[in-house]
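Two complexes are shown next, each including chain A; its partner changes from chain B in the first to chain C in the second.
This part shows the complex of A and B:
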């Protein structure tokens, strides 16, 4: 589905990283593989350092910490927030919605819209699309998009495929009305027949967690995980991304009447270095226009990976310069979405450590 | 397909491979090699393969036939 938004803009992006840093080299002996195999995997996939939350930290804690940072620095005023869109797959509770916990703890006004969206790796463009839609309302002038996930606790310590690339983080993106007669182009697509390509089988209402669902089972590749853990069919996901993402971007650019070379940066979800390089090659995009360094420095924190790529790679530039960027997310659902928009002269663009 | 064996040999970190060689007999054979083959067949021949199909193809020639059948 093609979307189009008039007179909307992003005015600030903050990434909040949990303080615990885990190094792949220290974890290699957890996996039932030779050291040589693991080192090869590290090199190709870009495994390195990743940030994970300490036990007891929740998604709301990361978001509240970041919001308070913005209030304290005078970068955001409580009374200006007309809506919050929270995209997460790791809510504090099943009931109530985590956005409400955040609104309450921050003491925000009651006259506002709160919306929780269950999306994973496409969560940044999906959340932005939703935030732009809210801004079409007359009384909505400023929306806060929160992306936050902490899936590190849901990947098995003995799953070499998913564990070394999974990180935790939160991001805050401020979205406002714009008077510059700008147009933002977007797309959203879904395929629920691929629901099992990325899934946590147990722990919801359909299959509650029991001692049985916590038992580890070893697959034919030598990875062990339980039904309580995230399971990713790596080959399915790879093929899905290679098949769907390039035509999605071609379509987006043609709707916007924009040439592939006119895009300054392709800010894509960060599954791993391997997949992003293959994607850039297939699309004919130079590697330096598509950053792929988030997984090796912070881990893949689902929908937070795009804002992390932005704040890590473009922080200083975006305060003074203007870029045409193509944003894309793709993952669990299956779901894939994209945006073509200008990012320029942000009020803030930075990363902070959660304490 | 003329460079198929050479490319597969490279992915398997071997000097050369024979058509009758069993895929799983190679020292470098693991899930990462399978993923490399998926990526190679996708970019080189625009043929999407699943890990299961590759593992089920048995030998180098079996893999070659699998790719050809989908071209």
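This part shows the complex of A and C:
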């Protein structure tokens, strides 16, 4: 599906990182790799440092911390917020929606729209597309997009496919109406037949968690997981990404009548270094236009990885300069989504530690 | 090219004799992480970037299959 928006812009991006840092080198013995293989994969995949929450921290805590930081710094006013879109797969509770907890604890006005979206790695472009749709309403002038996930606790310590890559984080993106007439182009695609490629089998209403679902089982590749853990069919996901993302971007650029070279940065979801380099090569995009350094520094925090790539790589530049950027996310669902838009002279673009 | 491929495979999984196997995948000699390591080595050695859509287990089941894949990606003997 192709989408188009006018008179809207992003005015600020903040990433909130948990203060707890785990290093791959300290975890090597957990995985069934030889030391030489671990060292090689570290370089290829980007295994390195990752941020994870301490036990007891919830998605709402990360979001509220970041929002209060913006209020305290005078970068956002409570009364200006007309809507919150929260994209997460790790809600505080099944009921109520986590956005309501955030609204209540922050003391925000009641005359606003709250929307919780269960999306994973495509969550940034999906959330932005939704936020732009809300801004089409006459009375909605400013929407806060919250992306937050803490899936590290849902990945088995003995899962070498997912564990060394998974991090936790939250981000806050402010989107608002604007008088400029530049067009934002978007796309959203889904394929529910691939739902089991990335899934946590137990813990929902279909298969509630029990002592049985918490038992570890070892697969043919030596990974041990329980039904309560995230299962990723790595081969399927890799091939889905390589197959679907390049044509999605070709279609997006063609709708915008834009050449690949005109794009200053390709700010993509950060699953791992290898996958991103392969994508860049297939698309004919220079590696320096597609940052791939989030996983090795912070881990992959699902939909938060795109705003993390922005705040980590472009923070200073985006306060004074203007760039045409292509944003893309892809993952569980399966789903894949993208945006082509200008990012310019943001009011803020930074990363903070949650304390 | 064949010797180079065998060398890389043996570096990755020294416990196996790759010249004796008819299907590396079916015989459990290579998993997806081994394939990633092998692709990285082949990319670097032959100064190519193997197309991401071709990184499928079936393309890495034998030395002949890997040679075919390299040929497809512009590497000649």
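Heads up, the rule we're going with is that the second predicted complex is superposed on the first by the 355 of 355 C-alpha atoms of A that agree within 3 Å, B and C clash if a C-alpha of one lies under 4 Å from a C-alpha of the other, contacts with A are read in each partner's own complex, and residues count from 1 in each chain.
In this section, a contact is a pair of C-beta atoms (placed from the backbone, for glycine too) under 8 Å apart; a residue touches a chain by one contact, two chains touch by 3 or more.
For clarity, every value in this text was computed on a predicted model and none was experimentally measured.
A.B. asks: Which of the two partners, first being chain B and second being chain C, lies in contact with A:234: first, second, both, or neither?
C.D. replies: A:234 contacts both chain B and chain C.
A.B. asks: Kindly classify A:243 by the partners it touches after superposition: chain B alone (first), chain C alone (second), both, or neither?
C.D. replies: Once the two structures are laid over each other on A, A:243 reaches both partners.
A.B. asks: On the A-aligned overlay, A:109 touches which partner chain: chain B = first, chain C = second, or both, or neither?
C.D. replies: neither
A.B. asks: Per the contact definition in the header, classify A:279: touching chain B only (first), chain C only (second), both, or neither.
C.D. replies: A:279 contacts chain C only, not chain B.
A.B. asks: Contact-wise, after the overlay, does A:41 reach chain B, chain C, both or neither (first, second, both, neither)?
C.D. replies: After superposition on chain A, A:41 lies in contact with both partners, chain B and chain C.
A.B. asks: Going by the contact rule stated at the top, is it chain B or chain C that touches a larger number of residues on chain A?
C.D. replies: C
A.B. asks: Give one of first, second, both or neither to describe whether A:221 is in contact with chain B, with chain C, with both, or with none.
C.D. replies: both
A.B. asks: For chain A, which residues lie in the overlap of the chain B contacts and the chain C contacts?
C.D. replies: 33, 37, 40-41, 44-45, 161, 221, 234-235, 238-239, 242-243, 274, 278, 281-282
A.B. asks: Of all residues in chain C, which touch chain A in the complex?
C.D. replies: 12, 28, 31-33, 36-37, 40, 49, 51-53, 55-57
A.B. asks: So in the complex, the part of chain A that touches chain C is made up of which residues?
C.D. replies: The contact residues of chain A facing chain C are 33, 37, 40-41, 44-45, 160-161, 220-221, 234-235, 238-239, 241-243, 274-275, 277-279, 281-282.
A.B. asks: Which residues of chain A touch chain B once you look at their complex with the stated criterion?
C.D. replies: Answer in residue numbers: 33, 37, 40-41, 44-45, 161, 221, 234-236, 238-239, 242-243, 274, 278, 281-282.
A.B. asks: Tell me, which parts of chain B touch chain A in their complex?
C.D. replies: 30-32, 34-36, 38-39, 42-43, 48-52
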